[in-house]
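What follows is a group of structures, each given as structure tokens.
Below, chain A partners chain B and then partners chain C, in two separate complexes.
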Partner chain A sequence: MPRRRLPEWFLLLLPAIIVIAAVVLIPLIFSLYSSFTPYKLTRPSTLWKWIGTYNYEKILTDAKFWAAFGRTVLFLTIALNLEMLLGLGIALMVNKVTWGQRTLRTILMFPMMFSPILVGFQFKFIFNDNIGLVNNALQSMGFNVALPWLVDGKLAMFSIAFAEIWMSTSVFAILILAGLFAMPRDPLEAAKVDGCTPWQSFRHITLPFLMPFIYIAMTIRSLDVARAYDIVQIMTGGGPARRTELLWTLMSRTGYVDARMGLANAMGYVSILLSIFFTVYFFRKLSAARAEIGMGS
Partner chain B sequence: MDRNQTHRNRRRALKVLHFSALFLTMAVICIPGLWIVLNSFRPTVEIMAKPPVWTPSFTLDHYRAMFGGAGEGGVPVFSYFRNSLIVSVVSTFIAILIGMSGGYAFARYRFKGKSGYFVGLMLFRAVPGVALSLPLFIVFAKVGIIDTHLGLILVYVAMNVPFTIWLTDGFFRQIPKELHEAAEIDGCTRWQAFWKVEFPVAKSGVASAAIFAFLTSWNEFALASQLTRSVGSKTMPVGLLDFTAEFTINWGGMCALAVLMIIPALILTFLVQKHLIAGLTFGGVKG
Partner chain C sequence: MTEVTLSNVVKKYGAHQAVHGIDLDIADGEFVVLVGPSGCGKSTTLRMIAGLEDISGGEVSIGGRVVNDLPPRERNISMVFQNYALYPHMTVRENLGFSLHIAKQDPDQIKIAVDDAAAILGLDELMDRKPAELSGGQRQRVAMGRAIVRHPDVFLFDEPLSNLDAKLRTQMRAEIKKLHQRIGNTIIYVTHDQVEAMTLADRIVLMRDGHIVQVGTPLELFNTPVDTFVASFIGSPPMNLVDGTVNGANLTLTDGTILPIPLTARGLLHDGQAIHFGFRADNLMPIGHAVDEEGEIITLDLTVTLTEPLGTETVLFTEFGGAEVQAKMFNPRPVIPGEAMKFQMVLDKCHVFDAKTGKAIRS
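Moving on, here comes the complex of A and B:
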């Protein structure tokens, strides 16, 4: 009896599955297990003590955790929406330009090449209260102030959001611009003939066509929302007095500084669920938007 | 006549508004980067000067110190650059091979639970680096590949494979099936048909996937900062931290290293700019 061979598609997918299982899945299983133990890096024997859902109960009743969680969700919501709106605005502006469009598009790609950690340092430098560009410029213009951009809680949050938006808006702008280029001209001209106002034709023709492009950008972004960690870690490290603490900085502090791996891994799972929620949400929006304009898969 | 005039004025005002908004946006995008480049050429005294000095002066001190290896902290920039380059290039190459075969499987074969597999793979990409770095650190320490190139390469391959699959899947789907069927009728094997017919057509998708994979590995920090310890494996994003001390930061030196970090990414991105946009939109919209 001949042995049944594995189907070809499975053989083709096998390397991908193996590598992801080895590097992502196994550590995740390990961390799921350790989140049920009081594991501390300094005391390896604690790995074998089962304490059930104690860590989860602990973080669920921890006010600091919920503050960080709420701040993370709020931060992501505001940042993603602003990035989308600004990206849309920039794309529409660049689309209207009649010359030098290619140069503008190249400039737009500029922030995409920056490492998130580099963006963090860059804005830490620019928002520095003593020698930073922003304060220097303000003082040279005659305002006799030294705003504590990274020291005051609210200003620090603003600075971080600014850095994040600076880094990621171009993803939206470029994809939406590509959508504008791909757009058929006839419906727009027909609308003009029929007497639509510019706003009406934007709202009912341009925007629905752009939606899938917006959701692709959202999906790509949601795949690594957590890279904001690099920025926050560098710019404020979660400070001052935890006012800019996001889920990710709280987790790395618990894991590496306090060496409480079990607890940190429990937080890690919450953050993984959060990321997965964002990704799945935008994937569904993406396929819905695709179906609407008849580009279904 | 009068109405024409107001109309023309309004039009002109809109044009001015459009132009100034565009100019402002581009300034906001460019200035932070330019500021970094500019400061890498300024002496430290001038960077720290109070009140600020706006007239630029020019010095290569920071670059000299950086490449000299000694001087300001003696950060071993060459080693970091080499580590970054080895890790990024090797991991990109492997991720593209693995991802391409996966993307081909999704584009060309029908099987049960296809979309389930697909979303499942993408979800692994969504796992935050910080959350992964905690357990990965322990597992790698047990296996003994912490602080090695191999460890980082493995991680980056796993990180980049899902996105590569997504992009290449979209591209292979664009290629009509008849193409490789014709090649097979003419006597090619499936393998030959892929490399001689389908691969050249999908090249620009593969190029854009490669750029994304390269940039991800080149710029990654959260995982690299935990999985590398010594000069032998630290990458440049981790190396940036060498310029920070307890209370002070060597801004000039850091800017110089930052410039060194951006240049390869800049060159690569410009080379394949066109493919990049095409890759993203085709992969996503029509995928």
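Moving on, here comes the complex of A and C:
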């Protein structure tokens, strides 16, 4: 009697399916479910109590959450735009270099090679108000100040953004550089003959060609920044007194310090929306920019 | 008045010298074609005139003004590139109007100028398309349109037709010629195709290895090539060249054939001198299938080895003087390979080249 056998393709895919289910699907479903419960890590039985959308309602009326949310959006906007501008500048300069360009390109990647935790510690030291490099330098230049880099709300946001930008500008620089390398030389020469100054060539020819590359970098970075927990956690931990609280520090505080995992998961799902919004937005822009220069959409 | 003058223009890429001191005077409204095998420095020369390459030595002047140190935008030239070089993110209309837009012209005037150019080149239907949506021929037209909207002093073309198929190439060639007749600007045109050069040029500049070999009208280059290189580059099929030596008043070819020295070379040769004897295919015709010729005619008995019928004429391959040569048969009849035929040749129209230098010997 022939035994019914599973189709071969299914058997071959089975290990992958099991792994994905174990590490992605189950946690996803579990976290989504728990966001509808008052789940506290210290009282496991709370996991079985269904409270509907209570957590979500609570978040949406929570001023602290909205403060963190706003701060995060602002942080993302500023960081991404500055990274883009700096990356563009660096890429244009490196593209002009004729000697030692390979080395430069490698050096450009260095910041990406460090663990964000390490970068966080490094900048925490650099910006330390007592023993930090920055204040030390300021003082030896004769400014008799000890700026509270990581304590003052605005300065602390600046310091975090600085670290984040230092670490990730090279993503933009490298992708834009790739765009510059791929750029056909002919239209630029045609533009020169058509009467363009170097700035006009850049504005009308180079920049439209680079836009898809910029949006690729933006898309990648928007995913990245949405989970950029480590640097903030190391440098300020969201403090002091929540002055640098961003969504991800707020979430981890709620989940692990206050042990209110259900609520934290609900926050997670709200901020995923934010992340999806940014990604979809940049992806749309990317498709439009690709269509614009005739790369097909 | 926009004449273009090159005096002793040199281009070096590091240690490699691509252009060796070129002198050239181009008159206002003249159509000059730079032609030569690929790598001979045509594009480099053109790009120096355009301002896209630095000039390593000598002077380029346009309209009496030395432009060595002026950027392209101050030279009032326009250029059509081999790969069209259209702006991929702009529509045809924007491509055409771009230079005027950059020059900050009035939008209404830009529209008039663009529509005008589009009408000349038959682009009206395509104005809102992007370059990616055009065929090769259409892109080529847009590239030309972009060059003419601006009414520049000088047009530069760098192998504009080499990416098109044969039929389109012939058609566009005629259009370029019409365009020149209509607009009357100075045109400098680069190609490696001698047919294009012959058909388009008022004057051909034939280059080789960064030097100018010969400058002249198409017929001058065809009828009086200065050396064997010009003789075999210009004309299709290329000129037949047969080795020989001078023997008194005669030439002895490799296989022992003896011919009188052509009139134009008489008195300029010395006994025992090694030479190449040159003649064109249409100067070796089967008797009865020749076009009437005047002058000193000799007759030859030759065996046909291969035929290439072209309709109005047939190219016959045969052996002469120890080399394979091509002959032409007008009003052709079928010829079987191996058939022996009587040929005639006008001696006055033959050429003698010195074998050592390759230079033509004629008075």
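Definition applied: the second predicted complex is superposed on the first by the 274 of 297 C-alpha atoms of A that agree within 3 Å, B and C clash if a C-alpha of one lies under 4 Å from a C-alpha of the other, contacts with A are read in each partner's own complex, and residues count from 1 in each chain.
The rule is simple: a contact is a pair of C-beta atoms (placed from the backbone, for glycine too) under 8 Å apart; a residue touches a chain by one contact, two chains touch by 3 or more.
This is a predicted model, so every value here is computed, not measured.
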item	value
Overlay on chain A: chain C relative to chain B, clash or fit	fit
Inter-chain angle, chain B to chain C through the CA centre of chain A, in degrees rounded to a multiple of 10	80
Chain B versus chain C as contact partner of A:90, first or second or both or neither	first
First, second, both or neither for A:28, with chain B first and chain C second	first
Contacts of A:265 with chain B and chain C, given as first, second, both or neither	first
Comparing the two partners chain B and chain C, which touches a greater set of residues in chain A	B
First (chain B), second (chain C), both or neither touched by A:101	neither
Touching partner for A:125 - first (chain B), second (chain C), both, neither	first
Chain B versus chain C as contact partner of A:46, first or second or both or neither	neither
Nearest Cα pair across chain B and chain C, whole Å	10
Parts of chain B lying in touch with chain A, wherever the complex brings them together	18, 21-22, 25-26, 28-33, 35-36, 39, 47-52, 54, 97-99, 101-102, 104-106, 108-109, 111, 117, 119, 121-136, 138-139, 154-155, 157-158, 161-163, 165, 215, 218-222, 226, 237, 240, 249, 251, 254-255, 258, 261-262, 265-266, 269-270, 273, 276-277, 280-281, 284-287
Interfacial residue positions of chain A with respect to chain B in the complex	7-10, 12-13, 15-16, 19-20, 22-28, 30-31, 34, 90, 93-94, 96-97, 104-118, 121-126, 130-131, 133, 136, 139-140, 166, 170, 174-175, 178-179, 182, 212-213, 216, 219-220, 222-227, 229-230, 248, 251-252, 255-256, 261, 264-265, 268-269, 271-272, 275-276, 278-280, 283, 286, 290, 295, 297
Contact footprint of chain A on chain C as seen in their complex	50-52, 71-73, 77-79, 81, 83-89, 98-99, 102-103, 130-132, 146, 150
Sites on chain A touched by chain C in the complex	184, 186-187, 189-197, 200, 204-205, 208-209, 292-294, 296
